[in-house]
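Across the two complexes that follow, chain A remains constant while its partner is chain B and subsequently chain C.
After this line comes the complex of A and B, so read on.
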């Protein structure tokens, strides 16, 4: 029983981190209607940027204070997100879904190559931003880093929800998420909104990288997180910020259970497969996900 | 206040819809633009608001100016900032946002919180049903309720010129009457200028100061309310005099065309 609950806790915490990456998919999708297949690579680049400003600078004899390193990383991913939007996806506005899909694939391969070119293929130890260790909660052990990440995800979700429903910029982005023509007619600069969304999505993805990698191994392989988080975003609903962490919980728990009880019987295949099985099962019943926007039928 | 001078508009680079359209909206007036389906009314309004791009259209000749400013090729956001807001045809509420959020999106360019709050109260004053609906998801409202949200949302931008594209479409006659009365009241109270596109000619003409009639992308007739009401073509074709029908039948159209040819 204790073991079972322990598995649930771990699954839930990891799932919330998936939720964080899923939010980055959602923020970008809402404004641009693009599912960025390369989002996992964006996480990796964000992580490498952070590594550069912490370990990297320290390695060449110029250690930066952590706040400055974080600030530079933030600036780096703002520029990075803006560049992706500006150079790859903006020129494709109005093109077919297939063209945009292929551009996503190309971007994925390009970023992978660029990351390897700039930072090399070897694994490194990622900077330990968050405290490592475990918290004793009665009979259970809770990983401190994941716990902080999970709390951060929940707070960020709430903050973004308020942003999108209350602030002027957020409402602008919400209008763009609904309908570009209507947004235009209200004087919203749709192009600017899409650029802002890409920047926000990139920053959130990098925040996920911090939580996920703090004190562990950083390599190009980390990009798989993108394909772990994509079913979470689809399950929560591509338009729903608050759906993402909830779907993350569901998928994280299923994955943890599968990993504990089914993987030994399936050569480890079950835990990789199950998130997608859950996602497909739910999407068959609700194609727009748990909290996504269903097309409202007008009479 | 708003002038279109010899405006041509084209879709997809080849389909010419507007042909040398001229139109003038004076400050404080309610101007109505009438015409059959496909006459080019919506295209005219989209050209004015800088919205043709999204439909792969463009203004290819002529000049549109608003409040002394050339806005022929301006961005929609600049045009809204300059004081002109359009309510598009087809009741485009932001479906998944609440009524309150819809209204606040209308005010997204404004930083005067107190003014925004006061305007919200004013909108609630014009549409007393809205405060009750504030928390409801806009996509599930009735047609009449949506139209209130749309006009309210446009007012939240504090426009000087309000453009409405077929606001009565699909509304019951009694709601249409109410709607026009409210629009008239808003225009008076706010000192607004209004440009209105309508199928429902009778209601529209009775409210307007000046009217234009469009056919095949051209303005074929224009005049003050009295002139339009006195014009026999307008009476037969648009006001359905004799038959009493609001909607124009195909036979009426043919008859109208024939008469028009005589009139040259």
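After this line comes the complex of A and C, so read on.
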């Protein structure tokens, strides 16, 4: 029984990290109607930016204080998100969803190549920003890094939810997510929306990288997290900020259970397959996810 | 646009893909040149060309699914992988080439139908996600299956192909096999848009609600588009298995799928010429970067071979973005425009 609860706790905490990456998907979609396939690459770029300003600067003899490094990373993310909007998505405003999806595919290739060219393919240790360790809660052990990440995820979710449903800018962004042309004709700046979306998306993705990688290994392979978080975002609903962490919890817990009880029977495949099986099931039963917007087709 | 002085006296003549005698002669010369290449060229060029043919077949399949029917497929590499593993397994059991290739195609087709079934409920981007699931699940499944089935982590050896008692395992043999099948793939992808099902694909591509109203069974057509596209992938996989002589999961990644898509976009989504131009262009760029990379490596700077791959990723990514932003119809459209300008010279092309 203790083991079972321990598995649940660990699954839930990991699931909330998936939820955090899923939020970065949702933020971009909710504000600009772009489903960005390259989100995993964005996480990697954010993580490498952070690495550059902490370990990288220390490595060449200019160690920065942590607050300055985090501030510089934030500035780097804003610049990065803004550059992507300016160079890739602004010329594509008004194009079909197909074209915009393909632009995401191109970004996936481009960012992976750029990351490898700039930072190299070797893996390195990621900066330890959150304290590593375990918290004793009676018979259970809770990973402090993931716990801080989970609390952060929940606070961030609430803040973003308020932003998107209460603030004037957030509501304007929602209009852009509904339809580019209509939003444009109503005087909402689609360019601004996409820029805001990308800046928020990269910042959230970098926050996810901090939680995920703090004190562990940083390499190009980390980008896989993007494809793990995609089913989560879909399950929660692409338009729902609050759906993402909840879906993350569901996927995380089921993945942990599958890896504890089913993996020995299936040669280790069950936990890897589970998120995608869930994704296909969601698509078949509720294509708009748990809390997404139901769309009506018109001819 | 046609040059002046070309006219048709029958409907069949007008419907031809190759309208003029001159076009047919040029194609004949090209075919003869490609057939004669093994007599004069070295092993390296033959290997490169075989690789190019394999990629061309896979991208032709993608042209059917993505270009004609408008259904995004980011699992083409997994479907190629299904074909390759089927070919490896069957050739190990002693099945001859002429049976292995259709079987590999069918196996890929069946697997693709499995992942296209959600087309009954979802469309567009969401359907693309099920193919993403296919791509991600493929290596997990292969690795989890018992070693004796598909080789697991180690991979599977492939017996060299033999046809009518002639060994095709040599570079020249594989080159000819690839050439014949690539020619078949190009021929079918030129003719498919002119057929009944091809027009249905096009209608679903343009507007699937409208296509449904006109009486086209939209779901079935979408599933058919994935099936046909995966047939090509299966053929490509079978030849790839023969070429590599050993198949492992690591050859069939999501990244390869994305590259196939990139080649199609750069070449042009809406014309059967697109796959050909795209594959040739990307291969040339890759080879150019390779030789540049080798020159840099020999000059002794600290850049590794990984940097060459990274550089070609950057170039391909930029090419796709440039194509999407400046010329969504790809190189194929540029080609037609150039030909038109050439024919109309000295008059300006309006």
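In this section, the second predicted complex is superposed on the first by the 286 of 299 C-alpha atoms of A that agree within 3 Å, B and C clash if a C-alpha of one lies under 4 Å from a C-alpha of the other, contacts with A are read in each partner's own complex, and residues count from 1 in each chain.
In this text, contacts are C-beta pairs under 8 Å (C-beta built on N, C-alpha and C of every residue); 3 or more make two chains touch, one makes a residue touch a chain.
Computed from a prediction, not measured in an experiment: that's the story for all the values here.
Contacts of A:239 after superposition on the shared chain: chain B is touched, whereas chain C is not.
When the shared chain is aligned, no partner comes close enough to touch A:83: not chain B, not chain C.
Of the two partners chain B and chain C, more residues of chain A are touched by C.
In the superposition on chain A, A:165 makes contact with chain B only, not with chain C.
Residue contacts after overlaying the shared chain place A:108 against chain C, while chain B stays out of touching range. In the superposition on chain A, contact is made by A:189 with chain B only, not with chain C. Of the two partner chains placed by the overlay, only chain C lies in contact with A:98; chain B stays clear of it.
Once chain A of one complex is fitted onto chain A of the other, the partner contacts of A:174 are limited to chain B, with no touch recorded for chain C. Touched by chain B in one complex and by chain C in the other are residues 298 of chain A. By the touch criterion stated above, chain A contacts chain B in their complex at residues 165, 168, 171-172, 174-175, 178-182, 184-189, 239, 293, 296, 298. Contact residues of chain A toward chain C in the complex are 35, 37, 88, 91-92, 95, 97-99, 101-103, 105-114, 116-117, 120-121, 227, 230-231, 234, 266-269, 272-273, 276-277, 279-280, 283-284, 287, 297-299.
Across the complex, chain A is touched by residues 49-51, 54, 75-77, 79-81, 85-88, 91-92, 94-97, 101, 104-109, 111, 139-140, 153, 157 of chain B. On the side of chain C, the complex with chain A involves touching residues 70, 72, 74, 115, 118, 121-122, 124-126, 128-130, 132-133, 136-137, 140-141, 143-146, 207, 209-210, 213, 254-255, 258-259, 261-262, 265, 304, 306-307, 309-318, 320-321, 324-325, 328.
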